[in-house]
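Here come two complexes built around chain A, the first alongside chain B, the second alongside chain C.
So, the complex of A and B:
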């Protein structure tokens, strides 16, 4: 009877039929132990992530200037309005888009090609992989400083090579010309980011069973067909997730631009995050925080897409 | 099991307490009976300078038993921010490096101790140069820091290139600089006249020519104003000056120098690409260490304008005491000690214009590249000592705005007239606000 009533109780009955051993695993004492182990991480995240986020959040709606912290009145959307009214706003946002797309597409294509090349076994492959992946271990600021000198018009290696090979006749003022400066910082970022795609795509490629290619070869499929009908569909999720992750990172990555041009000349290479640094340097933390909010809004969209895809992938 | 949980909870609590900042104050009383430990934070950190400071602090400790000094040396890029955080938290710092750029915000927020009262009874005050005195006790009678030295522009030049171009000496006026730089400029040979500063902090060089052209009417207390009370950017002399400056870029400077900051300028001079460089004395050490030989370069006084005068605004930094310090007496004692004889050693080692009047008699400052500084110091009617409003709360904003505007002019996207009227409007509005 009790068994019957338990079945009719639906979910409750289902819990009652759970093995006794599992119930014992999750008693009050175990919960307390788990809590004790989780607490340090929780406190850490609370103090170092959410507290600054809250403080930053309230700064965005206050007149918060380093120069006078004795008065930080609430000004509502004032900081956001100041930003939108700034003549540089449109350029900064447009530059941010160019920066992301201009960096991402070449990084993806070149990274993919390198990953395909490294998938094949050849002598010294390990050494070659280490050399190719090395840039990822270097600080973005350092990369920026190196490229700043490489693109120096008078004594940079880029112009020297271009002139030696007869590609240009006179030194090109890479970082002084507003249009070329954006190209130069994107080139540096492409060089830096290719490695990430190579690593991620190579890892995914190594999970594709060789049998698929062998079967396709027996059926007479060419390389292109294998690429588009086996390789890409099999690692599609990794590709999409990697691209989304990079969009978030590149959008949020001021290091190279800051070190190479500082956002110049004449603000022509300024993106959202370098502009934020500029406001911080001016002591205008309210404006910087408001810009941080706008940046976060954009990133939340991509993060949402990323998490949705990740969840779908886990379910599948 | 209960014991383990208790231990875990205790550990978590301890961690939480640590993370939420139950740190002690800056200076501490030692356990050995009344010994005071001062926390001192530097800003313009570099390894050699830090070592020198440590040596100086050891001497101070020896001369002042009972006072220990703990030096904190954050990386230069983050140092001011770190100091700001320490001051804001109200602990962790007794003595700190205060710059002319940070004294405004730091004092405005009540983070700096006003030493004016203490300095009244300090013997060393009378030994300071007039310039050092004017910073030690400011125009409002406040004493937020004692300078340890000054940075002031002078002209680094290539003696050999000047001679090869047919000139008999370094240029003395801005006109002569443009003439010589243009004559030396030869891009085909990768040789350029002037190491132009178009990038970060370019305003110092721009102001140098504007102030030279307005020298007869300059407000010495605020060199961004002329004696009529208007901004310096509103005068006809400034229009002539800025046009001359753009001519220097167009005819006698590398095209890419529109984006040059400190590093590129100094590198261009030390590697032999450019013949002239307008910079602070700290570059003397860098040039000494470069491939240029002693007979290839020298330093000339700052360039004068059409009336034969130049302004000599100085950038500076020094030592101050935190308002939150619990050991102000000992902290002030340290500041005074650092501002005495020790300051001359510090100035020599860091290539700074010294703060002590007697240092002018020191052979070190009389010879070689330093002679130009003595010449300028000894001719105050030609090289006018002026103060720029570097302590203004909007200084960084101004510095970045002026850099961007100047680059627009250099790129041909803005006229010099629009540049000056924009700057005139900017400063007038700031002063009126």
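So, the complex of A and C:
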């Protein structure tokens, strides 16, 4: 216990100097306690996440199906070749890009505007947030079901509203028309994802000190200038990271599409992850794994480029 | 505030927030409305925004035609069990991550973060195989195990954010008074951190409540299904009965919505602390 007395004086304020002080604790009991505290978490994550992931990685190079677990011949790049040769492959990759960009941009803009509007305190702000943030508690799958019903071509409320406002003249077959189905699933996803952006941006906005705005106001800066020269630069890190996380997340997010269209009609709304589900359901785990690796590769390359571009931009 | 908004901007803000509230709430209103319409009035066009009569027959037929009671119970038990155990385990690991500096700590954090980016479908096949070998296929207990693993990484990061806000001196004082480290954690820190712990639990509970693909892969028997698995069978059938489906959706959404509304402030605080201090 004697090793602890040195730190008590440090307290919270001395967080930065902690490493040097903490090293001394690495004897006997404390190290054991640490290990004991970390072990359960580690065991669970290793056994149920990383181990299956490793096996899955191996499966990408094997012919593997649910229906015959005993024989899984090694076929090298075979699964990858099968995928690339599939005429749906290009379609699926393009859809994934449209899906990500088409969802992300409106989510970001609307989410930012809502966060800005919520920045100032008003009487029912807490209540408003609790109400408007509710989509967050709902699974993407259920959101998909909700929107599937609303976009229903016969009894759907979307068509009814569009017709009442005179925007279209006859009911539109949203989910059956290959060109419109992708629009419909993106609309649902935009609606669903705005909340996350508002939450993150709102949290970041609240960390911008008021004095910055006050000083700018004294200098006679207008609102637009404050937004672009104070607000955005100050919360830049949050914006950059939120966008990055979202790209990865939306890319890997099949739930809404799965529930609304199942990837159809004719693969028009198929993205990489819904395609993986299709393979999994057919017992084609080898193909699903290979596709998983391709998408992970795409994301890794994207993340690398994104971060590299940003650091270079910051330097110049 | 030196910097008062002009009137037009205030009005614009109120208008924008109002419009967004309507857009956000409408789908919920719509599904609730559909679930309360008598079955013969659901397939009506043009649609009615206020039904001629309200009826609970969709709810009745949901419970009569499917084992919705069991799905509900399974979801509650599985989510609660995984939520409690996952939060408890994450509490311990988050404590270590917040309080100590050690070699390999960065690697631990990274290992937790990376789990968030792995497409689940790579692991599905091997998990199925593993569960076959362990005799855990179709078992709700097996589902709980996987869900615990699923909740640990993120809740560790989230709880770490809460721990960082509790001064070290608190448990150090307790330890000087003779508490063990675990005793100090349990008797001194946990009570202070209760809001954060509840928020993390609710977050985990809701995630398990909503989880679909693992449950679909691992559970076959009808009476073992959780709600999302059951809903998935509903939409896989050729003809969706939108009345009972809406009733099921309402019963699935409402509990988590209430929980989230109750804890949303703490959850947001925990998320942003976890995210900014990574």
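One rule holds for everything that comes next: the second predicted complex is superposed on the first by the 274 of 316 C-alpha atoms of A that agree within 3 Å, B and C clash if a C-alpha of one lies under 4 Å from a C-alpha of the other, contacts with A are read in each partner's own complex, and residues count from 1 in each chain.
Heads up, the rule we're going with is that a residue touches a chain if its C-beta (ideal position, glycine included) is under 8 Å from a C-beta of that chain, and two chains touch if they have at least 3 such contacts.
Computed from a predicted model, the values in this text were never measured in an experiment.
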Legend entry - chain C versus chain B on the shared chain A, clash or fit after superposition: clash
Inset, instruction - Mind working out whether A:173 is in touch with chain B, chain C, both or neither, as first, second, both or neither? - result: first
Inset, instruction - Check whether A:235 is in contact with chain B, with chain C, with both or with neither, and answer first, second, both or neither. - result: neither
Inset, instruction - Determine, under the contact definition given at the top, whether A:53 touches first (chain B), second (chain C), both, or neither. - result: second
Inset, instruction - Look at the residues of chain A and decide whether chain B or chain C touches more of them. - result: C
Inset, instruction - For A:261, decide between first (touching chain B), second (touching chain C), both and neither. - result: first
Inset, instruction - For A:244, decide between first (touching chain B), second (touching chain C), both and neither. - result: neither
Legend entry - Which superposed partner A:271 touches (first chain B, second chain C, both, neither): neither
Legend entry - Which of chain B and chain C A:186 touches, first, second, both or neither: neither
Inset, instruction - Please indicate which partner A:289 is in contact with in the superposed arrangement: first for chain B, second for chain C, both, or neither. - result: second
Inset, instruction - Using the touch definition from the top, say if A:37 reaches chain B (first), chain C (second), both or neither. - result: both
Inset, instruction - Could you point to the stretch of chain B, among 78-86, 168-176 or 276-284, that collides with chain C in the superposition? - result: 78-86
Legend entry - Residues on chain A lying within both footprints (that of chain B and that of chain C): 33, 36-37, 40, 44, 47-48, 66, 69, 152, 154-155, 171
Legend entry - Of chain A, residues touching chain C in the complex: 1, 4-5, 7-8, 10-12, 18-19, 22-23, 25-26, 30, 33-34, 36-38, 40-42, 44-45, 47-53, 55-57, 59-60, 64, 66, 69, 110, 113-114, 117-118, 120, 126, 128-139, 141-143, 145-150, 152, 154-157, 160, 163-164, 171, 191, 194, 199-200, 203-204, 210, 213-214, 217-218, 223, 238, 241, 248, 252, 255, 259, 273, 276-277, 279-280, 285, 288-289, 292-293, 295-296, 299
Inset, instruction - Going by the contact rule at the top, pick out the chain A residues touching chain B in the complex. - result: 29, 32-33, 36-37, 39-40, 43-44, 47-48, 65-70, 152-155, 170-171, 173-176, 178, 181, 261-262, 264-267, 278, 281-284
Inset, instruction - Please name which positions on chain B make contact with chain A in the complex. - result: 1, 4-5, 8-9, 11-12, 15-16, 19-20, 84, 88, 104-105, 108-110, 187, 190, 192, 198-200, 254-259, 261, 264, 267-268, 271, 273, 393-394, 396-397, 400, 403-405, 407-408, 410-411, 413
Legend entry - Partner chain A, residues of chain C touching it in the complex: 1-3, 5, 9, 13, 16-17, 20-21, 23-25, 27-28, 30-31, 34, 42-47, 89-90, 92-93, 95-96, 100-102, 108, 111-112, 115, 117-119, 121-130, 132, 145-146, 148-150, 152-153, 156, 167-169, 172-173, 175-176, 181-182, 206, 209-213, 217, 228, 231-232, 235, 242, 245-246, 249, 252-253, 256-257, 259-261, 264-265, 268, 271-272, 275-276
